[in-house]
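Two complexes are shown next, each including chain A; its partner changes from chain B in the first to chain C in the second.
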Partner chain A sequence: MGKVTLESVRKVYPSGFEAVSRFDLDVADSEFIVLVGPSGCGKSTTLRMIAGLEPVTEGRIQIAGRDVTNVHPKDRDVAMVFQSYALYPHMNARANMEFGLKIRKTPKDEIARRVSEAAALLGIVDLLDKKPATMSGGQRQRVALGRAIVREPQVFLFDEPLSNLDAKLRSKMRVELKRLHQRLRATMIYVTHDQVEAMTLGDRIVIMSDGKVEQIATPMEAYLKPASVFVAGFIGRNKMNIFPGSVDGGSVRWLAGEIAKVEGPDRGNLVIGLRPENVRLSREQSGSGVNGTIDVIEELGDELVLSILVGTELIAASAPASSGFYRGEEIFISADPAHLHFFDSGTTKRLEL
Partner chain B sequence: MKRSALRISFLSILATIMFGPLLWLFVSSLKTSDEIREKPFALPETPRFENYSNAFEQGNFDRYVFNSVLVTGASVLGLIVVSSLAAFALSRLEFRGKNFLLLLFLVGMVIPTQTYLLPLFHELRIIGLFDTYFALILPYIAFELPFAIYIMHAFFLSLPKDLEDSARIDGCSTLGIYFHIMLPLIKPAIATVIIVTSLSFWNEFLLASWYINDEDLATLPRALSSFATRRHGVDYSLLLAGVSILTLPMLVLYLVFQRHIISGLTAGAVKG
Partner chain C sequence: MKLYKSYTPYLLILPALVIYSAMILIPAMATPYYSLHHTDKSYKKLDWVGFDNYKKLAPEFIKEEGAPSDPTFIRFPRTDEEISVRSFASALNNNVVYLFLTLLFEVGFGLFLAALVSRDGRLYGMFRVLFFAPMILSLVVVGILFKVMLRPEIGLVPQFFGLIGIESLRTQQWLADPNTALLTISIISGWVYAGFYLVLFSAGLKRIPKELVEAAMVDGATPRQVFWRIQFPLLRDVTSVCILLCITGAFKAYDLFWVLSNSKPDNFTHIVPTYIVEKAFNHGDLGYASAIAMIVTTIIFIVTAIHLWRTRKREKLQF
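== the complex of A and B ==
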């Protein structure tokens, strides 16, 4: 079925703006790939190039082994779900789902079969005779999904499909999308700016910034071994603490002092990152550690998020709710060297010590 | 309380000004010519509905009504086809000189009819369309094209781009998008154009009197004017029945279509 290959795909707008630069990606059959990054990073442009809605400046795109770089969207055998849903307002849900099949001259009984199957799968049988204007956001989203499913395409493309839903519905639809993928075993390429969606949905995620690919990895890889400072800061529920530091003589110096000891050669100045959930907190100093004061405590129920003032910098750290820390308390921060992330201060790429 | 009374009386005065003449027209059209002259504001002694049948039988009105319907209908149809295609291209397609072309169309709105009355007269003679239905239909379409394009262009622009992209992926060609998606969605704009332009086509007199000589091709307004200027006395009851025949269809058309103008058809196309 739907393998997708992008070979050095590049997009330059007539204004000279390079939206995507040299994008290489191999999407395996029935893989769920998420393109994630801040707005303007080129993720949507990449998706639209795969769909054929945006011409490719350089490079090649293949779908299911066929070069589709210059093929019209209708002949690429892809279906797309839009952020705005893009349901045809003058048609009811059934007509919306049938439309693509009718245009393709699919036999009538086949259309009826696919629509009723998809409607049952998505739980929208009751909505089939309704027009989009009378539906809620979540219902429209389902119909939009149904419209894509009945096409039985090689590849599903999603352009931020959950962004317009409220937080509760969003996490519900996230689970449903994941279930849908497990049932259909179809190739899906999904664009989002939300790293939680990326982590939970993707078999692999492509993290992009400024038109460039920062890292292509499984969610866990991206979390455990971010390839660059950008990825380190972008992936993770709590934003990673990233500050300049140095590694000299086995001593990792970060912020105001030695935070850990490592073995290995001297590295001089570099950028060091530590996730809040990996910050080791203690009330008394033992071995390495820097001293700070708890400035703000955010209680999230199961955990506390502490903002600790170390010198002039604020460090985020999470702690169990039962830890009993209080505002103004003096505290020592240290780290397990295995949890420290090192990056070159020039290229911002990951360094392994 | 006081303000609403003031409002009601103000609106009543306006309504009287608007509806008075119409009412007078319909009432008078049921009177004899003598009644109209002598007691212009009285009710008819006995309503003479035969004024209308006389208009058709003696006044040849069946012919004029047919001509008017044909010319107006063909002009509106042609206008909708041409202007919606043009507006679609000007709003949704990318090509060089697009903005200049749009500007050129809109400039047409500010040119008064009188300026091309004579040149067009000669043009029609040269190409042999003078004294045919086309001598009215083609200019009518051309005259209202700027207005129609202006309305539809704005409406097309308001439709979300995602709809077009979605239809493209669903398998539509550009023309398919126009027919299946865009045309049904600009119905309110089309209704607006139909009402406004059919009113102006139906009532149009200047061109109809210049470019049509043949009495058999005359439209209602032209026929009525020759009625009103007959040397051997004007038959007022026939004339007013004719004017009523001219007025009624447009009133009905307006009442039927007016609610379509404001209907929010795009609601629900995109979020919220």
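== the complex of A and C ==
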């Protein structure tokens, strides 16, 4: 059914700009895949190639086992939700939802059934006779979703559908999308620049940067074992501390000190990362540890985020609100070796020591 | 010294105002005045005649006993007798037919071309310029050009029909045959103005967000369905303006008709403006011509007002 396969897909725009280079991806039936990466990394381009809105420069795309690389969008049996919603302004919500079905000559009673089901599911029954101009952003969003749902396509494509909503509505819609996916069990490919959205929605996430795939993994894998320095810095609620370092006689040297001890061969030219939530803080030196001064404390209620000045670098660390740290306090930083992420400073790829 | 005085702005627009007044404002204001007078051929004597000039027009629209035909629009008064009685009705008739034909050949064809060439790419830009190019020619030049090309048997067009073996079209008197004259002029008009409407429609199409077209494509629409169900309805404000321009244009047309009929429009190539000029300046009946101008202006004003009012009333489309 709704399997999607991208084989070495590449996109070079007529301007000569390579927006996507060698993209390989297998999306399983009814999987929720999220493409995530900073703005301009080629997420939309990839999605638009799947939709057929952008010609593929090289490679092949299959949907439901059929090669659609050169197939017109209308014949791909996908539905797409745009960031701007792209509702037809001259049609009311009902007509917007019916459009794709009428075009496909779906029987009238079937259209009516699907529209009323989708409207009930999304809670937009009252909106059906309204024109888009008279709706709020959240309402338009739902109608756009409804327009996709009634199509019952092989694959749903979403291009940053929540980014025009305010923060509160966004997290609400996020939950609804997740529920929708569980209910429809349809294949969904979702584009966002927001890593929180990616982590919470995706069965698997594809992290992209500069037109390249950095990692394809479950959200947990990407968090626990980021495949590259880029992923390490991109995924995670608090930005990972990433600095050059080395392993020297079992001692992990980072920020001009020993942060931990590991067993293994010596290695220079490393980039070492440590998440703020994994930074071990202590008031006294015991074993490994580098010494720093608390520079800034941000109180988030349940936790504190500390900015600690180590030499000339700032390290972020989180601590329980009850820990009683204060500004200017001297502190020692160390880490559980299992929490340290090692990367080759040349290739920036992950290394297992 | 202070150069800027409170009256400076008025001083600056004065030259334009003088020219505008002399050429447009005063003649326009004089029309109702003239329409209530009778002039002799030398235009020296103005006699007050009240509404006589208007009354003279009435019989053309009222079916009298024994009158040769009913004055329905789009039905030409054809016999000489008929035309002599109803020459203004016939010009007005022609003008309405011409309006519908130009709606087709100017606006319709312009829309068709816009649908074809409103895309990104240098080639399409070139086509847009090419189609717009006739607009910069003087209509007199265009008229002469086509008169030469249409000359029966020896012109380019008749020769072409000869070449493909349609003898009747080779000898066709395109501009002198009552059956084809108006149609021919309308097509020439379309050749000139379609590019103008193409540009308007093209600008309108560019204003429609790309995602709407893409959403329709993903929804399963063919390019043709995208055009007729999404783009064309969203162009309606542009279409409104184009129709309005075409209506007013049709009742202002003059040059082509004058040139293509060798400055002697026949009953089947007379439209209101040519008829007014003939009455006013060839027959010296300025009062009668002014009365016609008043009536036609009023009709256009009402049609335009209704059209604008309907356009304003409907809800705005937001993209």
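By definition in this document, the second predicted complex is superposed on the first by the 353 of 353 C-alpha atoms of A that agree within 3 Å, B and C clash if a C-alpha of one lies under 4 Å from a C-alpha of the other, contacts with A are read in each partner's own complex, and residues count from 1 in each chain.
Throughout what follows, a residue touches a chain if its C-beta (ideal position, glycine included) is under 8 Å from a C-beta of that chain, and two chains touch if they have at least 3 such contacts.
Computed from a predicted structure; not experimentally measured.
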| item | value |
| --- | --- |
| Room on chain A for both chain B and chain C (clash or fit) | clash |
| Which superposed partner A:Leu53 touches (first chain B, second chain C, both, neither) | both |
| Which superposed partner A:Gly137 touches (first chain B, second chain C, both, neither) | first |
| Which superposed partner A:Met220 touches (first chain B, second chain C, both, neither) | neither |
| Chain B versus chain C as contact partner of A:Ala167, first or second or both or neither | neither |
| Touching partner for A:Pro89 - first (chain B), second (chain C), both, neither | both |
| Touched partner set for A:Gly100, first chain B, second chain C, both or neither | both |
| Overlap of the chain B and chain C footprints on chain A, listed as residue numbers | 51-53, 72-74, 78-80, 82, 84, 86, 88-90, 99-100, 103-104, 131-133, 147, 151 |
| Contacting residues of chain A [partner chain B, same complex] | 48, 51-53, 72-74, 78-80, 82-90, 99-100, 103-104, 131-135, 137, 140, 147, 151, 164 |
| List of chain B residues in touch with chain A within their complex | 160, 162-163, 165-173, 176, 180-181, 184-185, 265-272 |
| Touch list for chain A against partner chain C, complex | 51-53, 72-76, 78-80, 82, 84, 86, 88-90, 99-100, 103-104, 131-133, 147, 151, 157 |
| Contacting residues of chain C [partner chain A, same complex] | 209, 211-212, 214-222, 225, 229-230, 233-234, 236, 315-319 |
